[in-house]
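Structures for review follow.
In the two complexes that follow, chain A is the common piece, with chain B as its partner first and chain C second.
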Partner chain A sequence: MTFELVPSATYSSPDIPELIIKPDISHGNHTTLGKTTGLSSHLVNVTKDDLNFTDKDIPSPHNKESKLGQLRAVLTTLQDDINTFLTERMNKDSTETTDKDRDLERRILDEGVDEEDKD
Partner chain B sequence: MVNLDSYLKPGKDHYYALGLEGSANKLGVGIIRHEKGELTPNNKATVLANIRDTYITPPGEGFLPRDTARHHRNWIIRLIKRALIVSKLKGLDLDVICFTQGPGMGAPLQSVVIAARTLSQLWDIPLIGVNHCIGHIEMGREITNSTNPVVLYVSGGNTQIIAYSRQRYRIFGETLDIAIGNCLDRFARTLKISNNPSPGYNIEQLALKGKNFVELPYTVKGMDLSMSGILEYIDNLAYDLFNNKKNKLLTTESGEKITTADLCFSLQECLFAMLVEITERAMAHVNSNQVLIVGGVGCNERLQEMMAIMVKDRNGSIYATDERFCIDNGIMIAHAGLLAYRMGDTTPLNETVCTQKFRTDEVLVKWRDD
Partner chain C sequence: MSFKYSLNLQIPFENSKQSAIAQGSLAPDPILKPNEISVIYSINSKNPNILEVKFSGDSDRVIRVAANNVIENLKTIIECMDEFDGKKNIIFIQE
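Up next is the complex of A and B:
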């Protein structure tokens, strides 16, 4: 399988000058259903016993015949790779992460507070 | 008089704009057409498509930024495709792509602007970032033909009383803490009533069955108002009601028990009375006899009724729109963005960053000079 458009991401930090993240395109197993782009864990928890709950907001399948459709699928894989990489980095740093940092992350992501208001 | 056609493309006599809205849990896509010339009752904007999909959470749950953003990300392209089909246009027919730049929730705003940026680059069409509140005001004026009203903007995220003066929509009064829609939505969560079609609508329906008024704190502060204390107060009453705790406020003088419907009725009456008071004062300040109600809470028929009583006493007129235009939508973003585009504005790619804070009075209203 060939991909005309292949996305990549560049990450840098004080300990990593430059890291280019590229999705593995040696196989065609790319879809728009990302491993890390599903429902939030909060929503999964509150709906786990609700038999009537269906996730109506899953992404549409990608168009395998068009280059933009293929890009959507590979981009989802790249997004997964980035999320996994960043989560691992955060977990590695977790010994240095204070409760305050974790609370800030939760407030920004789940409560929508402005980063400028973090204090 | 402002010339709205200095930037009209040669050989054309009209404009098309796509509007993308996603500052909260509604995702809206609209396509509007303006004919050349000043907008008047005889030369009105045409709505070619106005499609909305709402992210609805389970009862008792609010919408979290990351799940709301996911909803917008996964629906935006489907909605844009549908809007193009309904309007019988192709992407390349558009003059400008308008998106909500703020205020609103960060993650949902970011999801939608990414779609806007992508289409802008694919089709080589300029972008314009729109202030959400200005979108409500301009669409309300266009739909109702109200020329220079005092605007009451009431929604889940905003509560403002606004009047136009010298090319700015100026804020005369506003909430000091939470928005009125947020107060109603959070009380709906306390009651664990459905969020479908919206918590505010379901509170309104329950309130129709209420007949006993429970006195709540009345917190108008000059031209501003505060609602978080009222919410806390009524949440406590609901807690006592559900847990059968003794509370003399939950029994009427005639010995009748207060119900959840009575609480919904009382909350609406108290909050809306506060809004009517500051609106009336703003009308007196700016010597206007027109009131335009915009924003999702503007659909509430009881609010419209209470406001109409006050406005009638002042021999004025009240203007409100139906749910297609008062609840967040893409067409208002297309309309306000197109007005700015017609005055020569565009937003360069590197300035398309969205912002959670974007006050109504920051926008220079170039398309008006009255």
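Up next is the complex of A and C:
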């Protein structure tokens, strides 16, 4: 399967000057069912025993015969790639913040350093 | 206002009419927190078939929320084009 319309994204931040995010089109496993979109894990848990529950917001399958249909599927893959990448960075940021807070707490408790009196 | 984080989307369409329709459909959507993020829609100057969306924000979090939302809307626009564009006009008559 060949994809003629391939979307891409370019990310930049203070620590990453330029990063090009491009979906892998070497395989044809692109669908409109994104890994990072759809039902939240909370809703999946709450409804897992409800046999009458159906997800009414589930996206329609893409048209495999048209270029726009394929674009919609590949764009879903790019959306997943962007969401995963940015979520990892957000988690890393929050871990670093927590480490920083923990270090400050340790310094105040163990070394008696008062940040406000430092100057 | 200058932001430290940015994400540029490049979305190729079959022709310049489609990219312009997508731009015109997305652009009216208001930015909820303009002090935290800006979103600029444009057509690539070298290739008018490509729609470009530039997100600039003060954190990865706001970029993620805005980009995910715009891509969701974009997918709906693409689906509409795929379903209706190029089809013959049909007049439905109520019986």
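Heads up, the rule we're going with is that the second predicted complex is superposed on the first by the 95 of 119 C-alpha atoms of A that agree within 3 Å, B and C clash if a C-alpha of one lies under 4 Å from a C-alpha of the other, contacts with A are read in each partner's own complex, and residues count from 1 in each chain.
Please note the rule applied: a residue touches a chain if its C-beta (ideal position, glycine included) is under 8 Å from a C-beta of that chain, and two chains touch if they have at least 3 such contacts.
Remember, it's a predicted structure, so these values are computed and weren't measured experimentally.
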First, second, both or neither for A:42, with chain B first and chain C second: first
First (chain B), second (chain C), both or neither touched by A:104: neither
Which superposed partner A:50 touches (first chain B, second chain C, both, neither): first
Chain B versus chain C as contact partner of A:25, first or second or both or neither: neither
Chain B versus chain C as contact partner of A:33, first or second or both or neither: neither
Touched partner set for A:59, first chain B, second chain C, both or neither: both
Residue contacts with chain A in the superposition, chain B compared against chain C: C
Touching partner for A:71 - first (chain B), second (chain C), both, neither: second
Where chain A meets both chain C and chain B, residue numbers: 37, 59-60
Interface residues, chain A side, partner chain B - complex: 37-40, 42-43, 46-47, 50, 53, 57-60, 108-112, 114
Touch list for chain A against partner chain C, complex: 5-14, 32, 36-37, 59-60, 63, 66-69, 71-72, 75-76, 78-79, 82-83, 86-87, 89-90, 93
Of all residues in chain B, those that touch chain A in their complex: 55, 57-58, 60-61, 64-67, 70-71, 73-75, 77-78, 105-107, 356-357
Chain A contact footprint on chain C (complex, rising order): 4-14, 18, 59-61, 63-64, 67-68, 71-72, 74-75, 78-79, 81-82, 85
